[in-house]
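Two complexes follow with chain A in common, the first pairing it with chain B and the second with chain C.
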Partner chain A sequence: MILQKFLLRLITMAVTLFGVAVVVFIVIRVAPGDPIAMMLPPGAGPEDIARLRALYGLDKSLPHQFLIWLGGVVQGDFGTSISLRQDVLSLVLGRLPATLELATVALLIALIIGGPLAVIGARERGTAVEAGIDVAGGAALSIPDFLWGLVLILLFGVLAPIFEISGRVSPSLDLPFSTQFYLVESILRLRFDLTADLLSHMFMPALALALPLAAIITLLLKQSLKEVMDLDYVVLARVKGFSETQVILREALKNAALPTLTLIGVQFTFLIGGTVIVERLFSYEGLGNMAIDAVINRDLPLIQGIVLVFALIFVLINLAVDLSYALLNPRLRHG
Partner chain B sequence: MNARPSCLSISGLTAILPNGSRVLRSVSLDVKPGEVHALVGESGAGKSMIGKALLGVLPPSVRQVEGSIALEGTELETLGAAARRRLIGARTALIPQDPLTALNPSRRIGPQMSDRLTHILGWPAERARNRIREMLAEVHIREPDRVIAAYPHELSGGMRQRVLIAAAFAAEPRLIVADEPTTALDVTVQKQILRLIADLQRQHGTAILFVTHDLGVVAKISQSVTVLYAGMVVERAPTPALFATPQHAYTRALMAATPRYTDPASSLQPVGSAVLAELALEVQNADNEWKRAHG
Partner chain C sequence: MDSARITRRSGARLWLAGFWLALVFIAAVAAPLLAPQDPLAQDLLYERLPPFWMNGSESGYPLGTDSLGRDLLSRLIYGARIAVLVAFTAALSACVLGSALGLIAGYYGGWADRIISRIVDIWMAFPPVLFAILLVAVLGTGLHSVIIAIAVIDWTRFCRVVRAETMVQARMDYIENARIAGFGRWRIMLSEVLPNVLPPIVALLSLEMGIAVIVEAILSFVNLSISTDDPTWGGIIAEGRLSIHQAWWILVFPLVTLFLTVLSFSQFGEGLKSRFDPVLR
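Right after this comes the complex of A and B.
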């Protein structure tokens, strides 16, 4: 039964990814802009163009091109980047860790801000404190992440230059890392000087990505908590002698977390989408930044590779949300 | 007047809604140690409100504006919020109305039963666990370990109410508020649960404030009764006296409106309009008096 569910899930994931592959393949070829024209110096003759088209397989029909590409992808060959002339898969895998670390730190910041604010707001429901949280949440939510990025640059980069404003790590540092997961590796190697430098670079883009998500978590979790607070088992916990904060943390939080968790999953995918612009803003060397370059250069294989990796991340996040949902709700686990 | 202090002594308890209308109209009552005191009245008479005011869990819209509640001689009003909460947690317990909603669906039964013992009363985990097993045996649950490890949805309504009753008695409280504990159950289960509460009450010598709308239950379980109408005490008497010589016309009317299983052929009498008019007048008088006293 569980195996059956798991297989079904895998098939669904494969179908989703195939759909994404088809759409992105067609869209970037139908959209205006010719990669070959971008590569050749002015004055190249029609024979040169034809030769290059043949070299990259662009002279074949769309379905034929797609089959060739898909055949490669299935075997782990995502093709060669037209602009960078390197293997797409190794390019993407080289940049992916930077984006994953940024998105994870952003998610943690959002949880650290949003969780406690939701609990405080639920405890102080109906007071000026809750009203203040609502106003702040509304403001954080209505300002998009890249605009937060600009605000933060102004605050912590210009007015009070505390944090690094651009890049992923200070270029002067000697990096002993053997993977691209710099942050994780710096912690594992106990090189906390490097961790501090990485976090200093990461702080502003991560916070910019985190603030709208933090607002969503605060408002939704607070609302769910308030709905739970008048239920019989919460009242019973108060009669047992537990304080309001204890009641929220012990009885209400786990049940109220379910709707928030689903939304965090959805919002986290938006957050990863947001890395594209925010990474650009902070010259952070991640996948998003590379995606913009790839689009500017009409680097079809690279765009396809990046989009497919993004899609894979989204699918995996959804899977993780479903799994944690079952973990939090015992009725689903047994049913 | 009994020489021993009352277990619970409520006097002049008044609570209002935001619009100023009173849901409790200067209620006074006394529960002696170890006795079952029934609070009876129609729905909306404010009988649950009294228990909630005592336990400190009035709904946000209801505000206690007057009166005192003393638990074993301790005026609750004189305590700070935290001290009051701890006293309530240590000396009282609640058997809720609906066992289906009174257990947290995402926590196992065991911790839900023992958390008062371990977290509020500071018992060691081992002692609390043993106590929970004992209590589950007392409420005739045959597989205590299965129940302790279960989630609420794995138990029937009757089982859940047994669990809640066991949890209420586990800390040996002096006073239990039983808020219509059988109303949400099947008729067949109601009788068992009622007998179970009565047995445990006798064995443990716990005083119970028993909220009910059912005079049949009052007769079976209680030693004294307070009859409420519209948040106002209509009559207060030892149970045998109340049934033998009801003083108030409303009490007599309520008795006539209670079905008798021994005599199913007798027709039920709704509370008559003359009685209701008399009650309305009494409520009116009480309100006028209150308004005079409070400007």
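Right after this comes the complex of A and C.
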């Protein structure tokens, strides 16, 4: 039964990804402007254009082009970038770690801010403290990451320059890394000087991405905590003499966390979508920054590759959320 | 919490948000009367003038000037025109498109629902900002592209909410009665279901207007909205980001404006929602 559901879920996922591929392909092909004409030096003859068109497969019919491209994608061949003249897959894989590290750090920051605030709000329920948390949360929630990024640039990049606001790592540093997962590798190699430099670059963009999510975690977790606070087993723990904070951490939290966990998964995809503009804002060399360059340069194969990778990440996160929900929720587990 | 307090709080919220939005709206409509200078006039003698309370400011340029010597206040006031225009047209288009599809999916169910829901799933798998930039690049830069892009991307928000609400309404007795009375499907959808799903739509519309303003600012920021000379809030922000170490005020003023506008749209929507909500009321 569960296996059947899982297989159905995988098929839906494949259909969604196929749909994304079709939509990107159609959107890009109706674009006016010839990418080939843009990459040739002035004075190139029509036969040069024809040769390049054939090289990139642009001389064939649209459905034919789509099938060739899709056949390649299935085998891991995403084509060649027109503006950078390199293999799209290796370009994307080269930038993806930077974005994944940024998104993960942002998620951690959101949890570090949101979790304790929710516990404090639940403990101080009905007081001015809770009202303050509600107001701050409401404001943080309605301001998008783009604006938070600009505010942080002003505050901590210019007025009180504590953090770096541009790039991923200081250009003067010698990097001994063999993968693109700089942060992970710097920790594994015990090069904490590099870790500090990376985090100092990462903190502002990650915080900008984290603030709306932190607000959601705070408000939702606080609500769930308050709902279980009057249930019998929580009252029992209180009668046993545990302090209110202990009651929340030992008893209430594990039962109230499920709705928040589900929501974090969905919101995490929004956070990853937000990396596109936040990376641009902080000149962070990730996938999103490359995506905007690709659009501006009309680099069709690269755009297709990047959008497809983003879509793949989104559906994988949704799948993980569904699975963990099924595993954590006893009603579904035994049902 | 007692309902009187909630009502009072949401009332204050509605008024404050409404006040700021009214200011922005008036600025947009009466821009030529309110702006102290021509927003396009460059004066290289007056480049990067500071705001009025700082040394070196000039009268007639209360918020200072940008790096081409253009008056910031005038550019902000004229920028409100683009913001208001995008907020209304783009959000309304997304609303009409999404609500129509949501009504159809929720009321008809079956294949219509399956196809529309699948399209929504596909749409949700796109990073929205990248999708917007891609669409505008394809459609060509310009205000109409910005508006189309926002509508094409954000209709799913309305579709999901309206679909869910419609499914609830469609099972209720009054719809059954209308059906027995011989009303056609479209008549039931438009004159019976739609008025009952309107409150969440209106709240969402206010929220969407704020989102539209942000998306326009983001597109101006990456230089894909209207021409760079025309004043937009996002364009001024892009300019301010570049000269942030020489003149912080070029970034601060449009940022505060955008901040208050987006916050007001969302608070206005929230306020409306709690007004409409029969349980809270």
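Methods note: the second predicted complex is superposed on the first by the 299 of 335 C-alpha atoms of A that agree within 3 Å, B and C clash if a C-alpha of one lies under 4 Å from a C-alpha of the other, contacts with A are read in each partner's own complex, and residues count from 1 in each chain.
In this section, contacts are C-beta pairs under 8 Å (C-beta built on N, C-alpha and C of every residue); 3 or more make two chains touch, one makes a residue touch a chain.
All figures in this text were calculated on a predicted structure; none of them were measured in a lab.
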Fit or clash between chain C and chain B when superposed on chain A: fit
Touching partner for A:235 - first (chain B), second (chain C), both, neither: first
First, second, both or neither for A:69, with chain B first and chain C second: neither
First, second, both or neither for A:158, with chain B first and chain C second: second
Chain B versus chain C as contact partner of A:251, first or second or both or neither: first
First (chain B), second (chain C), both or neither touched by A:146: second
Contacts of A:307 with chain B and chain C, given as first, second, both or neither: second
In the superposition, chain B vs chain C on chain A residues touched: C
Which of chain B and chain C A:12 touches, first, second, both or neither: second
Contacts of A:243 with chain B and chain C, given as first, second, both or neither: first
Apex chain A: angle to the C-alpha centres of chain B and chain C, given in degrees as a multiple of 10: 90
After superposition on chain A, the shortest CA separation from chain B to chain C (Å): 11
Chain C-contacting residues of chain A that also contact chain B: none
In the complex, chain C residues that touch chain A: 118-119, 121-122, 124-131, 133-135, 137-138, 140, 210-211, 214, 217-218, 221-222, 237, 241, 244-245, 248, 251-252, 255, 258-259, 262-263, 266-267, 270
In the complex, chain B residues that touch chain A: 55-57, 59-60, 82, 85-86, 88-90, 92-94, 96-98, 101-107, 112, 115-116, 119-120, 151, 153-154, 164
Chain A to chain C touching residues, read off their complex: 12, 15-17, 19-20, 23-24, 27-28, 30-32, 138-139, 141-144, 146-147, 150-151, 153-154, 157-159, 269, 272-277, 280-281, 288, 291-292, 295-296, 298, 303, 306-307, 310-311, 314-315
List of chain A residues in touch with chain B within their complex: 126, 230-233, 235-243, 246, 250-251, 254-255, 328-331, 334
